[in-house]
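A, B, C and D label the chains in the order they appear, each numbered from 1.
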């Protein structure tokens, strides 16, 4: 999807404007219609706020209809390919399109319990979460009362909208919807950045299963050429960075044990703020290593 | 098996002596018989040396017979329960009794290749190794020449004998056949030993599979009440220590992220010296950790 | 002074008993006389408690006399050599016999202010303090009211008494009056304890001046043969451990910069609990180091 | 001194050119005259190379005269104010204008020994050195033979020239004559950059004396607003960074010991490459700290 410049939207007729932004809120083009009246927008942030205010100022029936218009997570509609394009991509990004039968059953059960208690579908901005994190949120929110849960649903809708806007509109400013995960490796045996270290970023699931997200190698500065994750929220999840430290020191002919004390070094950590900056470095010798959340 | 005091052996008749030590060298009671002549032994080390010398001074035919008397690793005899009690226990300790079909085939193939090249069974002191380490040794030794390989086989037989002696004989001195793996956890957030941290020791197999070896918890001094491994060689293998750091800080009401940055912290390292002392501590805050090979 | 066995004291006549313990409380042999009645003592702790109780149960006049019997810190009596042997040694141990004119004036001024406010001499167990720590306590306690300060004075008298008892009496149990300061050096460049590292322990005074307390070198285990401080309280003060790391790596022919990045590594820390165990290790490569309060 | 744009020099007449650059080589305007012929220069590097080549291609007599034209370090001419403006500033920058009598005597002795052996003054680019480093270089170079020492003298003259050119000429490119020393502080107790930490950078002299070079404080990112040293060579010397860690944690109301275990944390390190990038971070909790040479 090529983003539309904000100025183009500012100059557009209602029909074009709504065509561009009508799907920012699921099945609710009236939000874009309402925002149209507030043109022109000095920033993407202002456009976003106008859409949020349109919802906040709407009557309760419209709010409930907006909420009710969202699909179940990992639900029947998803299995049957009946979701909007946005929802399809979002659910797939969080891995909801490749659930095991057991996980599918868990989602099914939680969806039912939630709908029975609240009469609305469970809404969460899935691009900010890994699978386990969605399930944890599900369990936690089932304990809310109806009013709190309506508020929670709207907040999630606004988060979804912010990400959809971020993809659709080009503007000088950016919404704060992206995080950043980076690493670097310092070889404290030789006192220099460790170049050429192969590494993997995995997401760690329940039970310790690992799903490879990305492979990379450190450059002459001990960093990866691009951040491990950027331009998107970092899904709330547990990750493991795995560094091929043994190979690195072997290539450098550093005398080590046989087999070496450190082969692949795993750093395991959990992301709680999808829009945060997570720098997770490795300081390493053939006999020791350390890490910390840096900035 | 209750160990026999060295002094009892020193005072014993030949028949009793050989009954006690005849199986120290597989199917070769003549080694014990030969050592009997060198009584009395001032130390277990002296008894061990006498048995080693008996083999070294034997003719080549006897040496080759001694070697040939050893069973295949993970071989047909093992599957059919035809090993000596010692060999059965030793092969099981290294996990050779629970091979996958694929691993069994690998051993089978290597056994055949080895026998075809050298005409003798492949001998390794399996209690000093994990499965992968045995396979690596196998591949490496296949490249030896026959003379080097006969020497290697005898060295392994002596290692096996030392461990069998260590189990059978009580003496004031001990053979250097045991290693020691220990840990401790220091909470550098509060400046004290971390008490009550649950931890697991796993052996990491090819492909990253983890086999639980032991569960433990740290005491008030941040250590486990007993070493993680002691009284035996530490099998050459890759290990992972997994510390439930998130639970620990939650119990101490330390403010952390939700979910916490550090949940389970894995320390991964490889043991190369089965008789060595490996101290692998964890220094940890809710936002950082480090480890090193200590002593 | 050769310690007297507790059993000897238990069997002694009153005169001998008081001769041995009369000076445990400064100029107050009546405390030993009173404790004599409680013989026999099953432990040094019981003897100590009996003396403490004798004071606690005494009338207020006796308590004030006990307090008043103590000399000024770094006072005229000290300069003129008129202190008891115990007080002389104790004040010298804390460096009060080598004050600069300025420091002497500070003590003089505080002594006067204290006496004017409370009518008693300022009492502190000087063996538990460095010079700056005494001055800080002085300033802090000047803000107390008279009742709190009488309690504080008695507590310090009990601490002084415990240390004097510890020196005078041999018993199976020990009073908890000693601390312990130790270090060890781990070479994480080569993965082993760093042997043969020269080190100095200095006390750091106001303005950063350093007073050498002890020189030592690490043994094969990376530790000093004896703790840096033991068998006495660790004076409350700031310390610096200085390790000749550059020389160590040069001897080991490790390639480093010229001059090396790390020459002498200082670790600076402050002791707050004189009876505590302080383990302050150094983990070091030619390019990095770390320390922590260990146990 | 306002730098002259390179293009201005390229367009200048000989007289102006030599007026601008005649002092780049001490008392040797002929070098600038010779370089004038090679105009125009595409870069500062090209201009510098032209001046270097002018010297290299000169006859031996001219080279020796160039060398002989340099003043003694910390010599009589300096004391009497008879140096060129450049030399005066350079020697003062290295602290040679505030030598103790003892140090002055040491320089005097070395100057004499050097002149007696080689017949030329000892030349070193003092802006790249601290006092001790100059003395070490002096002692080392006294062992050279005359040819090696003539080469060494020219190399130092070229380094001096590069720094003088860097100050005099503005160009799109820069000569590689500057280093960079920076720090940052990470609070691993709370998992964020440590803001508002006061710090001092000192140069450590022989015997441990400290000379304050700069005071600074960390900003919200845990860094100083500008590098501690930049835009100049970092003199080869031992430095100590001193961080007011105790005050920082006290302000944050972190529970610590009284007095705190860590008050002022010193990091001591030595710079060997004046043109290098030295990043020396502090990772710190109230109970632990670490540092390393970063990049």
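Basically, a residue touches a chain if its C-beta (ideal position, glycine included) is under 8 Å from a C-beta of that chain, and two chains touch if they have at least 3 such contacts.
Everything numeric here is computed off the predicted structure, so don't read it as measured data.
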Residue numbers at the chain A-chain B contact, same meaning over half shared and different meaning under half, come out as same
The angle in degrees, nearest 5, through which chain C must rotate for its Cα atoms to match chain D is 180
Could you state the distance in Å from the CA-based centre of chain A to that of chain B? 46
So, what's the distance in Å between the C-alpha centres of chain D and chain B? 57
Go ahead and note the Å separation of the Cα centroids belonging to chain B and chain C. 48
In chain B, residues with contacts to at least two other chains: 188, 191, 257, 261, 283, 287-288, 290, 292-293
Contact footprint of chain B on chain A as seen in their complex: 133, 136, 208, 210, 236, 238, 240, 257-266, 268-270, 272-273, 283, 287-293
Within the complex, which stretch of chain A touches chain D? 186, 188, 191-193, 221-222, 283, 290, 292-295
Considering the complex alone, what residue numbers of chain C touch chain A? 188-191, 257, 261, 283, 285-288, 290
